[in-house]
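Both complexes below contain chain A, partnered by chain B and then by chain C.
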Partner chain A sequence: MDSKERQLAIAPISTESLTQNTKAVYYIRSVSSTIFGVAAGILGLESYIGFLFYFAGTTYISLLMFLVLAKGKPSEYFTSSSYVWTGNAFTGLTSFVLTWTMFYGLVDA
Partner chain B sequence: MAAAPDLVLDSSLRDWVLFPILLVMILVGILRHYVTQLLQTTPKQLDLLTIREQQALSRGASLRGNGKFIPQSSFLSRKLYLTQAFKDGIFLKDQEAFKNKDEPKQPANPLAEPGGMDQMANMLKGNMVMIVPQTLLMSWINFFFSGFILMKLPFPLTIRFKSILQSGVMTRDLDVRWVSSISWYFLCLFGLRSVYDIILGSNNSASGGMDMGGMNMAAGGIPGMQPGQDVYKLHLSEAENIELTSHEYLLEDIEDRLLIKYDMY
Partner chain C sequence: MSALSNIITAISLLLLCHAGFSAYEFSHYLKHLTIKSNASLPIDIIVETLFSISLFGVGQVLAAPKLQPVSFAKWAKQMEKDGNSPFAYLERRPGFANIQKIRADYKDESKALK
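Entry: the complex of A and B
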């Protein structure tokens, strides 16, 4: 057993907590992307600008998660510290398109 | 909007097509969630010897995984006992068949095992719950709401999508951004997942079948136990694994570490 493996055995990673954190990120992503879709639809954004809006919003949410939820230290909550930025970044895209289309149509009509 | 003239959509299209489809899709998702929950069968009660046969394997695995928390002597005695017991087959369900092993044993049929049958029925049910509402909804929308433009997409698409998204609309030159109700159905199908997450909480089964991993985990009992497999071989390989496990007592210098941690050294 080298020292890193030994350290991991003394302070093991709790899989329950890891699952809980991952689930929290997923939930935040899907809810926020729905709200971004509503916003984009009401603003009447079209084509590239709408998708750029989604990515800007997702990055902003990632920043909030990084600063507020993970307190600047995401490696304490996830096995890979980039999970806060990239994890589940695309799961909300379909929901975003749905609400975007719907509110775009509602405002337009 | 350079190519096509602007269209003005009647607001009753919105009231009587857009909202009903959305509402029905959401309700069907919720219904699917509860039907899936109702259809989940509780695992069948196994008799004592079968459970012992299965649990012996996890006993070996937990010794391998957690052996570092017990002293060397305790680990060794457990190791000796378990390897010997696995080799003698004393955890096996069918002792008679193990003793006269010489007779040719016909391979067990996976369908004959009760566990395998359950698993298959569960998978079938899951597929049915997913496919039947989708077929019904699609034909419902095709029957009632085809042949007119429902909405305008906020992003442009290539001309290839025209035949799918504008099915039933007999115009050649209309911009692909104007789509009929079937594409609204597809948008709902893929996009409602987060709505279900908000309504039913995460880990729901409303969106149906896209995450099959969880279902399979629930159906199969112990991972690595396929029905119709020779259990004695599994036990033998577990014995070998235990023999290969090296032991290091993790609490060896625990006093020193504790004092260092709380800065009392």
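Entry: the complex of A and C
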């Protein structure tokens, strides 16, 4: 029995709340990255700057989740306290690129 | 909380639509009036876009369901306070069943069916 297993035996985690919290983070990340793509297209960003915009937006959303959703204590709501910052950080990238390219073309008259 | 977040999200999407329309109009003028060939987007459209997406983020985070504590002890305590304890089945037990009465009822019912 290694130390992590022993820790789980002493303080068991609730899988139900873990799934619910992960789902909430996933939903916010995918919806917000779609909207960030729309904004990047409207601003007419190109190449690396667009991807930088995505990461800036993701960091902003992470900060909001850290402050509002987890109330500054992410270790109480997730097994790893960095989940709010890095978890699902790339799930929205494909939808970001989709709406980015679409709105880039739409805005150009 | 949810009404507030809905209002915030609606305002942000409206602003984003307006910014997109403005950007479209701007590029339209550039092409058809040929004032300046490679002018960048006006600052007010940029500010409106950035403001609308930051507002959208706030709306989405406010709309999210409340996070549950991951520690089982804290979670169970909270569920018990809300009235749906995961151990509710251990706190209730049925009374003694009256076998005689159940048998009599069964007899009556089967007679009525015949």
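One rule holds for everything that comes next: the second predicted complex is superposed on the first by the 97 of 109 C-alpha atoms of A that agree within 3 Å, B and C clash if a C-alpha of one lies under 4 Å from a C-alpha of the other, contacts with A are read in each partner's own complex, and residues count from 1 in each chain.
Operating definition for what follows: a contact is a pair of C-beta atoms (placed from the backbone, for glycine too) under 8 Å apart; a residue touches a chain by one contact, two chains touch by 3 or more.
In this text, all values refer to a predicted model and were calculated from it rather than measured experimentally.
S.K.: After lining both complexes up on chain A, report clash or fit for chain B versus chain C.
M.R.: In the superposition, chain B and chain C stay clear of each other.
S.K.: Tell me the contact category for A:43 with respect to chain B and chain C: first, second, both or neither.
M.R.: second
S.K.: Regarding the shared-chain residue A:51, is it in contact with chain B (first), chain C (second), both, or neither?
M.R.: After superposition on chain A, A:51 lies in contact with chain B alone.
S.K.: Looking at A:92, would you say it contacts chain B, chain C, both, or neither? Reply first, second, both or neither.
M.R.: The first partner, chain B, only.
S.K.: Classify the contacts of A:62 with the two partner chains as first (chain B alone), second (chain C alone), both, or neither.
M.R.: neither
S.K.: Between chain B (first) and chain C (second), which, if any, makes contact with A:28: first, second, both or neither?
M.R.: Second partner only.
S.K.: Thinking of the overlay built on chain A, is A:104 touched by chain B (first), by chain C (second), by both, or by neither?
M.R.: Touch partner of A:104: chain B, not chain C.
S.K.: Under the superposition described above, what is the C-alpha centre angle at chain A formed with chain B and chain C, rounded in steps of 10 degrees?
M.R.: Seen from the centre of chain A, the opening angle is 80 degrees.
S.K.: Once both structures are overlaid on their shared chain, how near does any Cα of chain B get to a Cα of chain C? Whole angstrom is fine.
M.R.: The answer is 10 Å, the least C-alpha separation in the overlay.
S.K.: Find the residues of chain A that appear in the contact set with chain B and again in the contact set with chain C.
M.R.: Overlap of chain B and chain C footprints on chain A: residues 27, 31, 44, 106, 108-109.
S.K.: Show me the residue ranges of chain C that touch chain A in the complex, using the header's touch definition.
M.R.: Per the stated touch rule, the residues are 16, 19-20, 23-25, 27-28, 31, 41, 45-46, 49-50, 52-54, 56-58, 60-62, 64-65, 67-76.
S.K.: Can you check the complex and tell me which residues of chain B touch chain A?
M.R.: My answer: residues 9, 11, 14, 18, 22, 68, 151-156, 184, 187-188, 190-195, 197-198, 202-203, 248, 250, 257.
S.K.: Considering only the defined contacts, which chain A positions touch chain C in the complex?
M.R.: Of all residues in chain A, those touching chain C are 11-14, 16-18, 20-21, 24, 27-28, 31-32, 35-36, 38-39, 42-44, 57, 60-61, 64-65, 68-70, 76-79, 103, 106-109.
S.K.: What part of chain A is in contact with chain B in the complex they form?
M.R.: Chain A residues touching chain B: 1, 6, 9-10, 23, 26-27, 30-31, 33-34, 40-41, 44-48, 50-51, 91-92, 94-102, 104-106, 108-109.
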